[in-house]
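Input: structures, listed below.
Each of the two complexes below includes chain A, the first together with chain B, the second together with chain C.
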Partner chain A sequence: MKIQELMKLKNEGTSGLSSRERRQFIKMGFIVTGVYFGGRILSLTSAVEAASSGTVPQEGEYSYSPHYTMVIREQLCIDCERCVEACHSVNDVPGHGRRTKILEKRRPIEYGGFETVFMPILCNHCNRPPCVRVCPTTATYKDEKTGIVVMNHDRCIGCKTCMTACPYNARYFKEEERYVDKCNFCRDTRLAQGELPACVTACPADVRIFGDLTDKKSRVYKLLHTPDTYVWVLRPETGALPNVYYTTA
Partner chain B sequence: MKNLFVSLVPQTGGLEPKDSKAINMTMIVLAILTLVGIAFGVHSLIAGHEHTFGVTREVPWGLLIAAYVFFVVTSTGLCIVSSIGHVFGYDNFEPIAKRAVYMSIVTILAGFMVIAFEIENTWRMPVANVIGANLASNIWWMGTLYGAYLLFMIGEFILLQKKSHKMAAALGLAGLLSGIAAHSNLGAIFGLLNGREFWHGAYMPIYFIASAALSGCVTIIVFTYIGYKVNNWQMSESMKTSLQSTGKLAALTIAILMFFTIWKIITGITGHPPGKYLAMEAMLKGPYSINFWLGEVLFGMVLPFIIILAFRVRNITALFTASVCAILGILAMRYDLVIIGQLIPHYHDLPLVDYPRLFTYTPTLHEIIVALSGLTFTGLFLLLGEKLFRGHVIEKH
Partner chain C sequence: MKKSLMLTLLCVVMTAVYLVAAENEQKVEYDEDLYGPESLIIWEKPVKGVIFSHKRHTYEAGLDCSDCHDDLFEMMAGAAEEEDNFTMEAMYDGEYCGACHDGGFAFAADTRCTACHIGVRGVNRLENGSEEEGGSH
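Presenting the complex of A and B:
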C-alpha cells in the first residue's frame, strides 16, 4: 500500500483496538527506546567484570589464570634503559614510538641535595581498562585467559580513542603498519615460547619482576605480600585497576 | 525515475533563484576548495598523520576532531530547531524548518567528510564496526546512531519535498531522537574518560545538547540570511517572525551556556581539583586564554547576546551579525574543548624531572585545509540547495 493511499484512509480511532494489539504496540515502543538508550546505559558498565578490595587483589578476586602481573622495584632502577632497547628490538618498535619508558622523580632531602628515583612505566594491563571500553571495534581487548590487554591489528580503524582514554600514555600509533601498538608483555614474541618479557630479562638490576599472581610460590606474589613494605599503583583514582605494581620491597 | 526527480527538485513554485554569474563562480570556487581539502585529506591518509598532522601520542585528537564536533553539533542543532516547528507544531518555527532539515544533512556530511581523514584507517570501518561492534563504546553508538540519523533526515527531506508533511514529521521525530541520542553519546565519549579530568563527568553530554541548540539557532539564521541575500529575495513577514523567534531562542541558549560556563569555571578552580585546575589555568590565563576570552566569551556569548538584546531581535541584519559572531565563538569552543582536555600530562601529580607542565599541539597546514574544506563544502551545498529547492519554502495544502 502506498503512503498516499494510507493517508486517504479514515481514522478508526483507538476504541476498536484489542488489548493484545495495544500490548504489542507498547512492546515495540520499549524495543525502540531500548535500542536508542541501551548504548548510554551499557557505556556505564565496564567491559570486564573486575573487582578489587585493595590495591592488590586478594584470593578469590583474581579474574584470570594465570593472572599476569609485573612488579616494579623502582628504587633499584638505574635508568640504563636496557629494558627500552630490548623492547624496541624484540617487538619491532619504531624510533618514533615506545611501549615502555623510564621517568625520573626527584625530591629534595635533608641537608640539601636531591633524591632521584627512576620510575619505569608501561601498559598497566588494567582489569578495568578504559582503552578496551572505548574501542568501537573491539580491536583492543583483554585476553580471556591471561588478562593481557592485546590488539587485533587488522581491526584497528585508527580513531585513537584508546590513546585518549589511556590514563598512562601507554599507546602510540604505529604509522608503518597502521595500527595502535602497545605493550603486550611480549605475548607473541616471547611468552609464547615460554620466555619472560624482553624488558624483564634485559634488566640488570632486577627491577622488573613478571609472573602469575595466582601462584603463591611466584616472586610477584611474594613481593606483593611482603610485610613492612609499601605497594602502590599509578593513578588509582581512575578506577582502572592496574596490574603493574610498584613496591619498596 | 524522472518523475521522482521532478517531485524532489521542483521546477516551479517557491522562490525564483537568481541566475547570476557571481553565484555560479562562487559555487565553482567553493567546489574547487572542497576538492583541494579532499586532496590534502587523501594525501594525509596515504602519507600517515605522523608526517602530515600535528597530532602526537600525547595529543592524539587535533583540529579535525574539533571540526567534526563543530559540524555534528551544528547538524544536531539544526535538527532541533527544525523539529520545533515541524515536529512539535510551533508555527513560528515552520518557515525555517525545511532549510534547517536540508542543512542538517549537509553539515553532518561535512562532519563525516572531515572525520574520514582524521581516522587513519577509514576503510576498515564498515566491516570492523559490524563484526567488532562494542556495545560499551560510546564512539560505536555515536557512529551507529548518527548513521541512522542521517537516513532519517534524508527521508524526512524527501517526504517534505513530496509534501507528505505527516510522514515527514514522524521521520523528523525519529531523526531528532537518534540525533540527540547520538549527540549525547558524543559528549559521553569525552565525559566518560576517568583519566581526563577536564572532560570527566556528566557536564559534557548536557553541555553538548545545550550548545547544539545554540549552534542550530545561529546557523539557520546565517544560512537563511545568506540564501535570501544572494538571490535578492524579499523576506516574507512570516519568515521574519520566524527568524526573530529563532533569535530569541538563541539568546536564551546563550544565557544557558553562560550559566554552564560560569559554573564549569567555579568548579574547576575551587579547591584546585587535580588535573582539572591545570586545564582551567591553560584556559583562563594560559596559552588558550585568548581563544577563551576573545573567542568563546566575547564572540561566542557576550557580543551576540548584547546585539540580540540591543536590537530586540527586530533588525534581521543585526541578528545575522550576532549569529556570525556566535559561530566564530562556537568554533573556538569546539577547539578548546577538544584540545585543552588532552594537554594535561598523564603523570601531572608526580614530581618529575624534564616532564612538561602542559602538552602542546599546533595544527598543521594539512589539518587546517581539511577543516576549512568542511566549511567550503557547507557553503557550496547551501548555495546549491537554494537554487535546486527554490528557497526551501514550505507550501502546505
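Presenting the complex of A and C:
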C-alpha cells in the first residue's frame, strides 16, 4: 500500500481492537525485546563462558588450554615496525592491510615537547568476541582448544560485519581474495611448527611476549603477576574479555 | 618638579637597560660550521626511525664538536650506522650516545626510549608534516 493512500484513510482509533488482539501484540513485544535482552546477556558464540574476577584471570578461570595470551610491554615500543613487516611477509598480508599496527599516544612534558608512547595493537582473541557473534556464516570462530579467533576464509562472504563489530579495529578486508583477514597468532604459519608468532620474534625491544597463561613458568604468567606493575586491557567496557594485556613491567 | 624629572629619567634609563639586555639575549645565529648540520639526522639502521639533533646538543646544550667527534662518532655522515655494534647494548657499555647518556650527565640510554626513537610514525610526521597513520610501506 502506498503512503499517499494510507494518509487518506480515516483513523480507526484503538476502540475497534479486541482485547485479545491487544494482548497478542503486547506478547509479541515481550518476545522481541526478550530476544534482544537475552542476546545481550547470553552470547550466541560457542566460546566457553569466561568471566573473570579481575583484569587478569585467576586460577580456575582459564577458559582454554593452552590459553594463548600476548603481553605487551608498551613503554618499550619504539615503532620500528619490524613486527608489521614480519607479519606481512609471514602471513601474506597485502600492503593495504594490517593484522597488527602501532598507534601512539602523545602528551606534553614539563620541559617542552612531547613524550610519545607507542601502542602496538592486534586481534585481542577475546573470550567473548563480538566479531564471532555477528558473523552470519560462522566463518570466524573461537578455536575450542586454544581460544584463538580464527577465520575460515572459504566461508567468508565478505559482508564486513565483523569489521564493524570488532572493538579493536583488528580486521581488514583482503580485496585480492575477497575475504576478511585477521591475526591468528600465526596459528598455521608458525605456531603449528612450534615457533612463536612472527611479530614476537621480530621485535628487537622485547615488547611482545607470547605464551600460555595457564603455565605458571611462562613469561606471560610472570609478567601478569609481577608486583608493583600495572596491567590493563584495551576497551574493557565492551565486555569482550580480551586476551592481549598491556603492562608497565 | 625635580622629583618627577628624576622619575622620568629613571624610567628612560631602565627601559634602555632592558632593551640592551633583550638585544644581548637574542641568540646568535645558527652556524652549521660551528654547530653541525641543522637538520635532524634520521637513522634507519639497525632500527628505523631514530633521530639525533646537532642543534639540541651543540647550539642549545653547549657541547663542542670535539666532545663526540671523532672518538665516539666519526665525522662522516652515516658512518655509525654501518658499524655492527651501533646498538643499545654498546651504549649501555658507554659507547656512542651512551658516553653521556648514562643517567648521570644525561638521561640514561635505557630510559625515555621515544625521545630518540620517534618511530616510523614520527618520521612520517617529520617528512609529510601530517598526522597520517603510521606504518605505510
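Here is the rule we use: the second predicted complex is superposed on the first by the 201 of 249 C-alpha atoms of A that agree within 3 Å, B and C clash if a C-alpha of one lies under 4 Å from a C-alpha of the other, contacts with A are read in each partner's own complex, and residues count from 1 in each chain.
The rule we apply is simple: a contact is a pair of C-beta atoms (placed from the backbone, for glycine too) under 8 Å apart; a residue touches a chain by one contact, two chains touch by 3 or more.
All figures in this text were calculated on a predicted structure; none of them were measured in a lab.
A.B. asks: With both complexes superposed on chain A, which partner does A:7 reach: first (chain B), second (chain C), both or neither?
C.D. replies: In the superposition, A:7 contacts chain B only.
A.B. asks: Which holds for A:138: it touches chain B only (first), chain C only (second), both, or neither?
C.D. replies: A:138 sits against chain B, while chain C stays out of touch.
A.B. asks: A:229 contacts which: chain B (first), chain C (second), both, neither?
C.D. replies: The answer is neither, since A:229 touches no partner chain.
A.B. asks: Please work out whether A:81 is in contact with chain B alone, chain C alone, both, or neither, and reply first, second, both or neither.
C.D. replies: After superposing on A, A:81 lies in contact with chain C but is clear of chain B.
A.B. asks: Scan A:158 for contacts with chain B and chain C and give back first, second, both or neither.
C.D. replies: first
A.B. asks: Which partner chains sit in contact with A:167 here, chain B, chain C, both or neither? Use first/second/both/neither.
C.D. replies: In the superposition, A:167 contacts chain B only.
A.B. asks: Classify the contacts of A:248 with the two partner chains as first (chain B alone), second (chain C alone), both, or neither.
C.D. replies: Touch status of A:248: no partner.
A.B. asks: So in the superposed three-chain picture, is A:24 touching just chain B, just chain C, both, or none of them (first/second/both/neither)?
C.D. replies: Touch status of A:24: no partner.
A.B. asks: According to the stated criteria, A:65 is in contact with first (chain B), second (chain C), both, or neither; which is it?
C.D. replies: So A:65 meets neither chain B nor chain C here.
A.B. asks: Need the overlap of the two footprints on chain A, from chain B and from chain C, as residue ranges.
C.D. replies: Dual-contact residues (chain A): 103-104, 116.
A.B. asks: Give every residue of chain C touching chain A within the complex, in rising order.
C.D. replies: Against chain A, chain C makes touches at 46-50, 112-115, 117-122, 133-135, 137.
A.B. asks: So in the complex, which bits of chain A are touching chain B?
C.D. replies: These residues of chain A touch chain B: 3-4, 7, 36-40, 42-47, 96-97, 103-107, 116, 119, 121, 130, 133-139, 152, 154-161, 163-169, 171-173, 175, 178-179, 234-235, 237-240.
A.B. asks: Which residues, counting only chain A, touch chain C once they are in their complex?
C.D. replies: My answer: residues 75-82, 84-85, 88, 95, 98, 101-104, 115-118, 204-205.
A.B. asks: Which bits of chain B are touching chain A when the two form their complex?
C.D. replies: It comes out as residues 48-51, 55, 57-58, 60-61, 118-122, 124-125, 128-129, 131-141, 143-145, 164, 166-167, 177-178, 181, 184-185, 188-189, 192-196, 342, 346-347, 349-355.
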